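The two complexes that follow have chain A in common; it is paired with chain B in the first and with chain C in the second.
Moving on, here comes the complex of A and B:
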């Protein structure tokens, strides 16, 4: 048991516990805060893998995202609704989807046997070169898709108000 | 719910155990803890000095003396205030959500304290010279917003709730220009390491090359820490202290501490990114650094004494319609400047021209609007009779 292995185990427990909390807590705000715990633990996992840039970006993006999630939760729900948050009929579907993703990931690992690389930190310069030179087209397409989603959400929310 | 809490608590406990094991393991880790403690003492001293400075300075701006009674020139007033706050009764209102109510001050203060690890005070005078220092500081400062939201929601108070919703809107919006301007500076320096950014300002500091960026960063930074022209999320006359309304005693003091530490952080970041950090002739580098940082702090207090508080719609409009587009324009201009390798004064002239055009536009708009009330100085009234 090396120290990093112990840290890995506890960070994984934190991520899983946070995820479980998101799913089963009755209070929407608690669920959003559990999400922050889970995402923070994932940032810790990135740190263990020596990808500092990814870890910091994870904190930066999801810190703000959780704030927005809490705000939406507060704007779209009432305290009386909290008691009923778990009473819905979608959970078998959700469970099936989660198991399917787990199965897919596990199968990928078993079939392809990913090669084990020695850990090494990637400098931000190499990262930038890879992202904006070698993988520039997929990167731009991804940002275009996000832009389309953003504009779509805006149009849909405007249409609701009859404008 | 209970299971999730138990598993999360186990994970946290493990993490704490891991950290303590590391501490017990190496002398280097012990030194790191010592450094963190020294940083805390330094920050506490800075906060005390800022409280005194602000009260004195605001007093002078309003033609009064400020604190005078405790110690020479009221120097011991902040110490007395701190002692009073710690000794005060710490009230827990009956309806609060205890978990969130008590963890919120910690979640606000811890990130704003831990990010000082990466702040260099002089050449080599830094706890950890992180290569991604700028990103680290920006990323950690986001986490505090969750603390403010938790405080507002957890205290089960409508003013707290309104204040924390305001803070979410304000802080998430003003993050955008802060990050874009920080990115511009990182592009100029070619590094995210704060020491290297300071070293990169060799011929001229970036305040001269990028006056527009300095202006944007200072305004957005002030909004990000909720200093007075932008303090609508804890405005006393509107939401009675907002998220902090139910807190008292030592826990309120933690919020207060975090706020002043963050104000000082804005001053320090302006010093590092734009004023050339610790560079200067004659004096030792650390002294130059503190001198510049306190100069910016003085400017921030002056700003507070001069401008009235913005309305919330004005605040959001300023953020999204002025600061965000301008920061993007500045980013594009800077990349063109870097790509074609213009001389630095070219960028400086363009930046100044935009700033001047901006000032002229605001002046024209302000001059065109007829004031609802005309204020006439008493002297003129008397002479008109």
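Moving on, here comes the complex of A and C:
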């Protein structure tokens, strides 16, 4: 067992355990906290893969923004209604579908194993170059999408006059 | 640590998210499950980018875009859920059947 393998096992346990907590937990607030654990473990995974910038983005966007927004939404839609949520009665079908997808993906990954390069750190400069030169136009479009989504969210959730 | 480990981890995380999306009924929980699936895909993209094509940073760039779109999606979806909750006082996707025929 190399140190990186031990770290990977630890982070994988955190990510999968958090994910299971999200889908199994009865209490929605606990589910949101489990989601935070899972997303944090994924950030650690990015660090392990020597992609530091993505780890930073993951912590900032997911840990900082997405989970906070979800918790805010839970607070705004009355919490006591959410304390006990029930699953859909067809959940065994969902479990079967999920297991089928897992089996298919795992079989594919085990069968097709391409040759790999050794792990090496990618400089933040190269990533910046790639993002702002080669992918400049998609980057700008993504920012436009964010702006439109923000304005849309504001308009949708704004209280009507006289409400 | 090999590519296969990361692929299997992402497959497992994706399956968990898929189960959550199919089995839960609270709209906010569905959204969280979608986030899990997006993260599984991101892990796969980063693993492929790092292990298969380290010279070009294509996978990492796409992950940045996926995270951006996911943030936009969360904001918009939560606004819709809030609006639904205000109009119909439920966040249960089974009871939101206005457009079902």
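As a convention for this text, the second predicted complex is superposed on the first by the 114 of 163 C-alpha atoms of A that agree within 3 Å, B and C clash if a C-alpha of one lies under 4 Å from a C-alpha of the other, contacts with A are read in each partner's own complex, and residues count from 1 in each chain.
As a working rule, a residue touches a chain if its C-beta (ideal position, glycine included) is under 8 Å from a C-beta of that chain, and two chains touch if they have at least 3 such contacts.
What you are looking at is a predicted structure, and each value in this text was computed from that prediction instead of being measured.
When the two structures are aligned on the shared chain, A:130 is found in touch with chain C, with no touch to chain B. In the superposition on chain A, A:37 makes contact with chain B only, while chain C stays out of contact range. Once the two complexes are laid over each other on the shared chain, residue contacts for A:74 go to chain B and to chain C alike. After overlaying the two complexes on the shared chain, residue contacts for A:45 are found with chain C alone; chain B is out of touch.
Contacts of A:53 after superposition on the shared chain: both chain B and chain C are touched.
Taking chain B and chain C in turn and counting the residues of chain A each one touches, the greater count comes from C. Look at A:29: by the touch rule set out above, it reaches chain B but stays clear of chain C. Once the two complexes are laid over each other on the shared chain, residue contacts for A:97 go to chain C alone; chain B is not touched. Once both structures are placed on chain A, chain A residues 15-16, 20, 53, 57, 66, 70, 74 are touched by chain B and, in the other complex, by chain C. Across the interface of their complex, chain A is touched by residues 1-9, 11-26, 28-29, 31-33, 35-36, 39, 42-43, 46-47, 49-54, 56-57, 60-61, 63-65, 67-76, 78-83, 85-86, 90-91, 94 of chain C. Contact residues on chain A toward chain B in their complex (touch as defined above): 3, 6-7, 9-11, 13-18, 20-21, 24-26, 29-30, 33-34, 36-37, 41, 44, 52-53, 56-57, 59-60, 63-64, 66-68, 70-71, 74, 123-124.
Put simply, chain B touches chain A in their complex at residues 1, 3-12, 14-15, 18, 21-22, 100, 130-132, 135-136, 138-140, 142-143, 145-146, 149-150, 153, 161, 165, 168-169, 171-172, 175, 192.
Those residues of chain A lying in contact with chain C across their complex are 2, 4-5, 8, 12, 15-16, 19-20, 22-23, 28, 31-32, 35, 38-39, 42, 45-46, 48-51, 53-54, 57-58, 61-62, 65-66, 69-70, 72-74, 76-77, 81-82, 85-88, 90-91, 93-95, 97-99, 101-102, 105-106, 109-110, 113-114, 116-117, 119-120, 122, 126-127, 130-131, 135, 138-139, 142-143, 145-146, 148-150, 152-154, 156-157, 163.
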